[in-house]
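Letters A, B and C mark the chains as written, and numbering starts fresh at 1 in each.
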Amino acid sequence: MDSIVTHAPDFFSDTKPGSTKLISRSLWNRILSFFCVGLSLLTLIPLVSIVYLVLKNGLPLLKWSVFTELPPAAGMVGGGFGNAVLGTLVMVGLGLVISAPIGILSAIYINEYAPSSRLAQAVRIVAKLLTGIPSIICGVFAFAVVVATTGAFSAYAGGVALAVLMLPTILLTSEQALLGVQHAFREASYGLGATKFQTIVRIVLPDALPAIMTGIMLAVARAAGETAPLIFTALFSQFWAKSLSEPTASLSVLIYNFSTVPFPHQVQMAWTASLVLVAFVTLANITAQLVFSKKH
Amino acid sequence: MTETSARSVDAKHVSPGRPDFLTVRNFDFFYGKKQALFDITMDIPEKRVTALIGPSGCGKSTLLRNFNRMNELIDGIRHSGDIRLLGQSIFDKTVEVIALRRSVGMVFQKSNPFPKSIYENVVYGLRIGGESKKSVLDEAVERSLRGAALWDEAKDRLHESALGLSGGQMQRLCIARAIANRPKVLLMDEPCSALDPIATVKVEELIHELKQEFTIIIVTHNMQQATRCSDKTAFFYLGKLIEFAETQKIFSNPVQKQTEDYITGRFG
Amino acid sequence: MSEQDPKSRAIAEIRLGPDLFHLLCWVASAAAVATLGLIIYEIVSGAWPAMQKFGLGFLTSSSWVPNRENFGIFPFIIGTAASSFIAILFALPLGLAIAIFLSENFLPLPVRQVVRFVVEMLAAIPSVVYGLWGIFVVIPLMKIFGAWAVSTFHGVPVLETLFAPPAYGNSMLTASIVLALMILPTLTAISRNSLTAVPGTLREGAYALGATRWEAILGVILPTAAPGVVAATILALGRAMGETMAVAMLIGNSSRLSWSLLSPGGTLAGLLANQFGEAEGMQVNSLMFAALILVVITLFVNLLGEAVLRYTQNQTAGIR
């Protein structure tokens, strides 16, 4: 029994008799954990600060009238940003009308018709590359294609820029959505004598629809918040747009313009516009998550 | 009972191990509300091979993972009763769990070499223990790989990735890695279940060699394996220890009906 | 007739529908591929006059004087690289810490979910709102910090150069800090994925050999996940280089090069945002040239990141 007692210490203790280390291994372990948790919680600070300031500075001016009135001229008070809200909605809508068919149809092509064709491989690579392209490049592209050829800044140009921005998101999420459709469904459909077209339209697409909608909502959320693609395509306007071929206001460009002026009222309006924009983007993101989780 | 003591006296002749090297007393174990072990009491002898058998889900791994307190990585676990190694409770506050795990090594069902070189895998335990002298590490690598019967196959590729080894070699590397720490006890949880028959024979031979130096506890599903390489066998059923005796006795003349049913393949 | 109707409709569906639909899908795919080609074509042709006029000197010249038709983007290339690297410097330790925090159980699951939600929220906030917040929160703080740094580091080698007066609020440092925040979600999400892709058996193996939690993390888990973290860093770098609005609002948009982090700088994206709307003639061509350089850089960085990511996925597949 004696031998046990003399044995026990070096058996169960990690500090070696001759150890000269100041900090034991377990203490190191605790210090690192502490740092890791501390650093992680640190990220809460900026987000809380952003949300708090957007609410605090944005809420006072948030009335129904800001959605119906035009932006105040320099140094003036009152007004709103109705034209910017409308402009954002119109241009995001335009972008969607262009990008959604292309994105969804090419996803169908690369997943259902010719998954291993050279065109399909090219589509996949291009979609990946497009996600990595800076959003301002979408603006440069729309400038060259629309503004330079028509000679005018317009909602069309803004819509084209946003379409390029949204395309890869919609394409890639649609591809994932189609990939997620069980193969057994397709086989069952073929087994009942359906053609490929019937199978895609009646079986595959309905099943993939929620996930495709998620992709669309994510793309909408992202496009609505973007400024760079609009800043020199749609430019800005103090007035209600009468057509799609004239300079058009948007929430994000309004925030940009008003954030750097020396008039407190305009700055506060920038905060209010931020509040509306953040609320819209968050709502779109949450909707995307909800639509998605409904299926999974 | 008389037969049991007779044999253990006999065994003492061969290798003078303590019969109560590792003791389990009235041990209950819970995963949350679910009780996985019920009042286990057993003495595991030194430098012998003890096999834990029983149908899947009966708590063999749970008991094994208590010997090195690996279960503590799971949230919401709790136990009562005690486990003692050389008379010292492993749950005592003064026991550092990282030291316990060096003394009680473990080999897993699925071999899990680190994506590092063979050499670095073997010396991992020493390095984290603060050993950095090359001569010591080199010596440990050769000793451990020889001990795990892997030296001849691995000595020319010590600095190549361990992921290039075959399945059987990987499992022996994991054994080498465990014995590099010079543990007192070696726990093996179905160490051969992912291996082909030839690799299995090698590991079984290895277990025979290793019991000269280590106390081995092995979980196995394979009845033949238990008879081939263990000295004592414990049969578990639904979280209870049904029977614990010399392997030969369990398989030739079990006392409990449930044990007999299991080893003759009537259930499980 | 009424019996034939569904049948004839079905026949139409079989013959006309499928081919048209197939064709449409093909056209859409071709259009998607053409988009990238068209983007590059449009930018190159827009940049062409400037490419001919300035050649490679465009990349190395430091003067950008529109009314003298003098264009060079060297300071903006440096500014793009510098602001992104500094942002990575801030974001990497933070992102890694959060990724580890999210993949370990230091705190109960609800707390981790809150942190995860917060990081995802950071990704959803529009760039221009970061810019606004930066103007009213970060710039005032950086003015205070700048004044302090200038007086504290005066006379200290290296630091004296990095924090040389005058300390502006609109500076390289301000832009980099906000950029760091903006790339944090990318960095965290990819790092976290590669950490959780490390098989649990490796962690168990390390623990069973007597490792502490951090010995397991630093010695086994992180090295195994390292290629994924590298990929995350590269992709985040690509994002930072293309980020426009917040940077344009905070960096000060100067084409003067300075070693001081407290001085204003400029980036390629910021240059485009500031000048495209009012540019004419050769200035447009030069901006197109700058856009081309930005595309080439970001495409290269992103391709590199994707390649590393793919390598990582193959490698972890080998461990399992």
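Assume a contact is a pair of C-beta atoms (placed from the backbone, for glycine too) under 8 Å apart; a residue touches a chain by one contact, two chains touch by 3 or more.
Since we're looking at a predicted model, the values are computed, not measured.
Taking each chain's centre as the mean of its C-alpha atoms, the one that lies farthest from the centre of subunit A is B.
Across the two interfaces under comparison, A-C and B-C, the one joined by more C-beta contacts turns out to be A-C. Computed from the mean C-alpha positions, the centre of subunit A lies at a distance of 52 Å from the centre of subunit B.
Centres computed as Cα averages put subunit A at a distance of 14 Å from subunit C. Remark: subunit B and subunit C have CA centroids separated by 50 Å (rounded to whole angstrom).
Touching of two or more other chains is recorded for residues 98-100, 128-129 of subunit B. Within subunit A, contacts with two or more other chains are made by residues 14, 25-26. Contact with two or more other chains is made by residues 210, 212, 215 of subunit C. Per the touch definition, subunit C reaches subunit A in the complex via residues 13-14, 17-18, 21-22, 24-33, 35-36, 38-39, 42-43, 45-46, 93-94, 97-98, 100-102, 104, 106-107, 115, 118-119, 121-122, 124-133, 135-137, 181, 184, 210, 212-215, 235, 238, 241-245, 249, 269, 272-273, 276-277, 287-288, 291, 294-295, 298-299, 301-303, 306. Interface of subunit C with subunit B (complex): residues 105, 199, 201-202, 204-212, 215, 219-220, 223-224, 315, 318-319. Those residues of subunit A that touch subunit B in the shared complex are 1, 4-5, 7-8, 11-14, 16, 19, 21, 25-26. Against subunit A, the residues of subunit B that register as touching in their complex are 85-88, 90, 92, 94-96, 98-100, 103, 128-130, 184.
The touching residues of subunit B, counted against subunit C in their complex, run 68, 70, 73, 75, 98-102, 105-106, 108, 110, 112-116, 124-125, 127-129, 163, 174, 177-178, 181.
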